[in-house]
Amino acid sequence: MSSTPVPRLTLSRDGPEFSRLVAGTWRLGEWQWPLARRIAWIEACLELGITTFDHADIYGGYTVEALFGEALKARPDLRERIELVSKCGIRLVHPNRPEHRIKSYDTSRAHLEASVHASLKALGTERLDLLLIHRPDPLMDADEIASAFESLQRAGKVRHFGVSNFTPSQFALLDSRYRLVTNQIECSLLHLAPMLDGTLDQAQQLGRAPMIWSPLAGGRLLRGEDDSARQVQTTLTSLAAKYAVSASTLAHAWLLRHPARPLPIVGSSRLEGYQEAAAAFSVELERSDWYALWSASTGAPVP
Amino acid sequence: MSSTPVPRLTLSRDGPEFSRLVAGTWRLGEWQWPLARRIAWIEACLELGITTFDHADIYGGYTVEALFGEALKARPDLRERIELVSKCGIRLVHPNRPEHRIKSYDTSRAHLEASVHASLKALGTERLDLLLIHRPDPLMDADEIASAFESLQRAGKVRHFGVSNFTPSQFALLDSRYRLVTNQIECSLLHLAPMLDGTLDQAQQLGRAPMIWSPLAGGRLLRGEDDSARQVQTTLTSLAAKYAVSASTLAHAWLLRHPARPLPIVGSSRLEGYQEAAAAFSVELERSDWYALWSASTGAPVP
Amino acid sequence: MSSTPVPRLTLSRDGPEFSRLVAGTWRLGEWQWPLARRIAWIEACLELGITTFDHADIYGGYTVEALFGEALKARPDLRERIELVSKCGIRLVHPNRPEHRIKSYDTSRAHLEASVHASLKALGTERLDLLLIHRPDPLMDADEIASAFESLQRAGKVRHFGVSNFTPSQFALLDSRYRLVTNQIECSLLHLAPMLDGTLDQAQQLGRAPMIWSPLAGGRLLRGEDDSARQVQTTLTSLAAKYAVSASTLAHAWLLRHPARPLPIVGSSRLEGYQEAAAAFSVELERSDWYALWSASTGAPVP
């Protein structure tokens, strides 16, 4: 395991500085941890150099931010040592939001502001370091969103803004009205699409480091039993042995090698999950091995 | 039915001001109306606030512009109360053009100029308010088209220029040589593609309000019997009842809610067709209902 | 056959001037020609006005550049009468590169520089007129490539730079760091994709004339026995008779008609191959015939 701390990265010109690995809170609710364990988890992340925590209003059915907020309330010294990311724009059908009759998106100024206020309250903090529009909303009015962003920024409630799961044209549209610092997207050895469809080309061209969700394809990369997964696993296992690291470490090293400077989000209930990801920074992955993994995923040599 | 007139809209910076609903002349030939009825139809549109009329050289096998021109000749006072749009660039195989052996496109300077002159003569007017390239021509020479546009504009024959059915890259190409004011595209609850493929992202980013053909999917949206159509009809009918409007009104309200500011083209032989579309401006469609219709069309909740 | 020489073309603003037809060396190794015949081939091309020769480090399993270099060594007067293009960035699995265990891409500075040095040595020349990145490398670091390009340009080793087989977003990324003069792509009556997917729109918009590989679809256009090929052949044969040229000439005339100003690459062991391509410049292909061929390829009239 790596003993050097996770490096830090500035997402974009004038953007925030984050740890290159981000802790994901997506399943924090499922873990059903008592307060003390949640605090210990935050401290263990910090110990590794993981200071950035990725939230969304909807995680855990609108409950995760408050679970995290309890930890910050119990240990107010933690807030200044971390960066908080949250997301908004999805209206989930959930018992905690009985007024939602259908899953939908809402990027109106009123919803963005209400959502941020709820997130701040739940987290027990006065500002978010980064707010993301969670999904591309076909109804998004770029001027209205930009105006809401400006108000939130001026009021000191949110420092930076970005998006998630946006196509290049959606990113270009909103970025033309308000400078976005990142696009948080799915990418992994089992989801190469962003490396082929222009998403990472745009990220590199504009200099906006992408945040990466599901860098292990939700576990499928290590334990999936479908043909694609097994094919990648074979190469991953063989190369992990060569580099004397775990398959998980190698899968993260594969992502980190990309010049768009991706920031993988790790959401694990086990400390090893973070340690194995952090160890990826010590791996110097050869180009031909990077391509061996690429070709294992595509099922063919490069053209 | 709405009693307030249809609102007006400037298509783009320095672009023309049109009525937000446009009357389509596509099937004016099929209706086989005597002159008096054509005049009455124009007046009925004006009564509703629909002042913009959408033509193409090829409509009715190159006959519709002359049918409309007869009305303008009989009632010369009408010309100054309306905006005339026409299109060119398609060579149709038709008895009225026996020299065309194959359906093809022609965006040469000679063809554009000849086509405009023919349209002006048929319509009995001295200028078009807007000329569109009807279809993307793989052979389009952007410099040649721009030069033809400039000549036509300088000669006072055409005030503004746009395109129809262009992809974002085709639009960007021609727009880099001559400022386009609109892209007239197909879009409806049964044709969501432009909301997903970047077309409306570009329209919103550049501030060029799109004109929309087949906003009711050629009638399929109301009367289609395929599975997709039926699925949308069920939701449309149920929400129409909620808002106390017709399904046609609701389908137009759904389109009008888009922030790219689309201008639906209505081409109906029945006055009710225009009245029902115009009533859409009085509907305040809730976001969740917009998404209920979206999801009825895609067959799944949003991701 | 045409007796006027092949015209010349400047690829882009500040770009190199090439002959509008390019001689391809892809299969020069297969032809197994003695030195005298290679020299005669170069002279025959020059006689027709074809002065640009397209290489890649990997052609013939890393052997073709040296075969060509022998001709230049024997006839040093030829170098100043021709333009040399080469490519790099692919690592081929081949007995001549036993260290390559897997086919992969490498656009690192070290590889680009080493590859150029090897190409210069094999060709026996002091500079390339144009160097292309052979394939889009998902790992391409645009800043690193641009920096390598600058060094090579300053050292007088390469005059201009471009890419091959790049999508529009990949082209835009690298072009944002270093001005590219061309994108060498596949295009033919059996491969219309670049006319539909934005590739040629971008080429025309930015004014970068594309080089075209496989303009005859690797011979399939003339001799293929699949349905698509046969369908195009029927129309091609009939129109070739009309214009009193060969099918090959007409297929080249079809490409040359495109306003993006494509430069077809001809790689033939027969002199007739170059003569038939050169004859295309004397054909004035009518638009409707261009569309007859397009529709034969798509299998339907244009929309």
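As written, the chain order gives the labels A, B and C, with residue 1 at the start of each chain.
Rule of thumb we're sticking to: contacts are C-beta pairs under 8 Å (C-beta built on N, C-alpha and C of every residue); 3 or more make two chains touch, one makes a residue touch a chain.
Since we're looking at a predicted model, the values are computed, not measured.
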{"item": "Grouping of chains that still touch (sans chain B)", "value": "one piece"}
{"item": "Residue-number overlap at the chain B/chain C interface, same or different (half cut)", "value": "different"}
{"item": "Relative orientation of copies chain A and chain B, as a Cα rotation angle in degrees, nearest 5", "value": "120"}
{"item": "Euclidean distance of C-alpha centroids - chain B vs chain C, Å", "value": "42"}
{"item": "Of all residues in chain B, the ones touching two or more other chains", "value": "168"}
{"item": "Residues of chain A defined as touching chain B within the complex", "value": "90-91, 100-106, 108, 135, 138-144, 165, 167-170, 172-173, 176"}
{"item": "Contact set on chain B toward chain A in their complex", "value": "168, 192, 195-196, 198, 200-202, 204-205, 257-259, 287-288, 290-292, 294-295, 301-303"}
